[in-house]
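After this come two complexes, each holding chain A, first together with chain B and then together with chain C.
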Partner chain A sequence: MMSLTRTNLAAVVKKQYVFKLKSCSNLLISLIALQLIAILFTMGGMVDSMSIGSSYMSVTIRFYSGDGVFTFSLIWALATAFILTMPGYRNIDFTFVGNRLSSNLANFGFLLTASITGGISATLGSLMIRNIVYFSGGSENILGTNFFMGPGELLTAMAAAALYLLLLSAVGYFSGTLVQWNRILVLLLPALVVGTLIFEAGNYNRRIIWRAVDFFIQESSLALFALKVTATVLLLWTGAILLTNKTEARA
Partner chain B sequence: MQLKHYKYILIGYSAILLVSLAVFYLFPRCVSMDSDDIDPGGTVEEHIISQSIHQALLEGKLEQLDDIYESERWRFDFTGRRLEITADNEWFDSMIAVERTAAGSGEIVAHEYRTESPIAHRLTPYRVTLTGNQLKLANPEQSQIVFLAFNKDMTVTQFAGSPPGEHSVLIQQFWSNRMLYLHIPADVEIIYDMHRIPLMFVEEE
Partner chain C sequence: MNVIECKGLTKQYGRIDALKDLSFSIRENTITGLVGPNGAGKTTLLKIIAGYLKETAGVVKVFSGHPFNNLETSANLVFIDDNMAMPATMNIEEILNAAGSFYAYWNRELANRLFDYFSLNPRQLYKDLSKGQKSTFNMIIGLSARCALTIFDEPTTGMDASVRKDFYRALLQDYLQHPRTVIFSSHLLNEIEDILEEVLLLAEGRKRLHLPVSELKEYAVGLRGKEEKVNRFTRSAEILRRERFGRDSIYVVTRYNFNKTTLQKAREAGLEVLPVSTADLCVYLTARNKGGIDDVFNQD
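Here is the complex of A and B:
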């Protein structure tokens, strides 16, 4: 009986996941749009620059990177996960016979897929920027420093980007679930985050959010970083499942 | 119908990204300068304000320095007794050295020297002309050079690291000092405005 239930849950989750991939494909389109906008902004001048000059010479170096594409993808992950918890998207799940758990698991599957897709595409977007700069800027004006990205670096960047997107999507999903649990949090949550950031800016010794950020961005081992992200994501997903059950009970 | 459009967009974007990947790795690239070409050491002072250049200029031993080369040379026949050196611009902002040559040699030679730098060959030369007994010096037009460089993505630097301050070192490598060196016969009287033209006379041995 137990085995049958598990099989049913897995089957429902799979169906909901596949359906979600199709019905939420507009969210993936928005990722493409954001990444293209980021590439356009980068090519249009969203770059660091450094100059040195005198009356007879002026040398400017413009530094390009794929960080814009990655940052835009992070914003997308946070927003998309939040959107998935909203009633409009939650009600899509009622097309199938399922429960909140299957719905959450299907959402996690979608976010995992989206994060991997976003991580890979954001990193490839960085190569696209390099190609555009190379072919439009003239090879004689390009400095080779950091231009080449070895296959190892490429894979590291893809993995790291996917993990960051997964982390941000888990944060977004948990925040969205919190807001659905109690609507007053829609105002309180941003106020709490912004207020804490302002507090931390003035109190270097009392840092909560920045310590949490440092916990991830200061990690120099990819394996440990993956472990940290996985543990945090599982924690946030579990929290979201528990909160959803409470939301259902209240409803 | 809309789903079909989304599908095409997804396939199209994926194809563009894959082509980018292929183009990036399959086509050999020839870039202006690789990181190996850049001297990682050195400070601003070493690259920009070199006391050794100043000293060598005063001693007339500029060509003995390793990283300096002659980029231009002007020769003028001159048989006059007085030479007026004037600046075309309000002031002349480079080092100018005058070395006296044998009296009656009948010619004035001007040399432009530059310190080696990846962009030294791209700079426009000074303008030196002789009209009558007036040697006119003009600052070159400003050469505006833009290089395109790359920062490693933050998703790479977190795990691979990036040497701090590499960019500030990088841009210093582009600086090129330049100076004029004039050979003027010893019997020619030189007239110039010392506030506008910073002439230095090479010490005689």
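Here is the complex of A and C:
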């Protein structure tokens, strides 16, 4: 006779997480690819510039930044988290051992890993842009403002970038879960967001989305920012868990 | 001990009943064939047992627990069908190793031997396998997982006849060495009846019967011959099927409740007494009418 195995959530989540790192390696590769493309775009002229000059001389100032790399990474985090909730990826969690909760937790683990990786690589990407500018433009043509980064600044930048990616991934994951929970939301959710943005564009006093964004981007203390992001992410994760716990799998 | 118990199990999709008031139990260490026509509710039932779908009403217990969203159930069960979601990024050797990490009793050696026997290429991606190769690969996972409850839902899609035969033998061999509870849903009852111990027949979401295969084989008898003679012998019997041949010949399948002398008399009267295969019987038992497709053409 075959005896039953006892199992616990942590053990299953760990197995699913390891499996997910392998099975979703294409998603991580796409993040690095996107960041490289963003660097190419930045070097190729996706930068703010201003020119001043007269008939005798002209000066062009280009503002290189890691914004492109960071923006691409943010979009990646939002989209990837959304994709993970769709049946194509979700069903893989039910091919072997798992339940709704273990599937969600393994996904959170994956997104956390991706956010930290993405935060580090996006920051390194902006360093790479500095290097390329330095060696291609020549040091004499560089304005020193914000060019140099100390180790402390670098770590802060990495942490902040990782937190932003985590936040966006949690938003993407929660939206994806909502859409899977009720398909009508595929239409309603974007309509609601775009509608609110349009409404808010004309109403300076009532700006929910803008205020929500300000809540994070105006925070100057890293510790407080981390606290805000963590609290929001936990809230969105809990919401996603509650929404999926009653839904059917492989239906 | 019962591994699966269902009482009044009902599953509705919107207003349609996929399963209706289904009650049965499956004992530990048996191989049960789940059969029934398309749309009988086989897959729905199996997915409820596996904890993927939630029943609308009634009670379902697997290993004495409620299967839906249950991690303990999932850890002791493997569900193989022709729609397994596999990652597109991993080759089948990597997927096999990943599968092994999930199951406590995973038999790596058996997996590797089956892999070699069916000459699968370990470097191939799952999505590039042919339909039959996918089914073969899934089957290897189902056997090697050695789960206390092993569910095969139409596992032979696309397999050629020789691979199917090998699969049935492999299942039987491994089952004899490591007894476990197996549910096997299939449309090919005549192929699998030799490895089955019990048959659970569904039709339109209801249980039609649940019997040991040996009893099913003697469940009915067919009589063929002149219509009036056949009618004389089957007057008081429960008729499962009636087919016409030519002008006055007829083939009738009835419940087997004759005694030996009656059958002898039927033979003496010039009737053919024929055994009814389990596969045919299941078709007759679940048909909506007694004449089968012929009724569509004969409107009298």
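Assorted remarks:
By our rule, the second predicted complex is superposed on the first by the 239 of 251 C-alpha atoms of A that agree within 3 Å, B and C clash if a C-alpha of one lies under 4 Å from a C-alpha of the other, contacts with A are read in each partner's own complex, and residues count from 1 in each chain.
Keep in mind that, in the parts below, a contact is a pair of C-beta atoms (placed from the backbone, for glycine too) under 8 Å apart; a residue touches a chain by one contact, two chains touch by 3 or more.
On a predicted model such as this, the values are computed, not experimentally measured, just so you know.
Once the two complexes are overlaid on the shared chain, A:M50 sits against chain B while remaining clear of chain C.
Look at A:Y164: by the touch rule set out above, it reaches chain B but stays clear of chain C. Using the contact criterion defined above for the overlaid structures, shared-chain residue A:I32 touches chain B, although it does not reach chain C. If you count the residues of chain A touched by chain B and by chain C, you find the higher number for B.
Touch criterion met: A:K246 reaches chain C, while chain B stays clear of it.
Residue contacts after overlaying the shared chain place A:L222 against chain B, while chain C stays out of touching range. In the overlay built on the shared chain, the residue A:K15 is in contact with chain C alone; chain B does not reach it. Of the two partner chains, neither chain B nor chain C is touched by A:G202.
The residues of chain A shared by its contacts with chain B and with chain C are 22, 25-26.
Per the touch definition, chain B reaches chain A in the complex via residues 3, 6-7, 9-10, 13-14, 16-18, 20-21, 23-25, 29-35, 37-38, 93-94, 119, 123-124, 139-156, 158-161, 166-168, 170-172, 174-176, 178. Those residues of chain A lying in contact with chain C across their complex are 1-9, 12, 15, 18-19, 22-26, 87-88, 91-92, 94-102, 245-246, 248-251. Chain A makes touch with chain B in their complex at residues 22, 25-26, 28-29, 32, 36, 48, 50-67, 70, 120-121, 123-128, 130-131, 133-134, 137, 139-149, 151, 153, 156-157, 160-161, 164, 217, 219-222, 225.
Here chain C touches chain A in the complex through residues 28-29, 47, 51-54, 63, 69-72, 74-76, 78, 83-90, 94, 98-99, 101-105, 146-148, 178-180, going by the rule given at the top.
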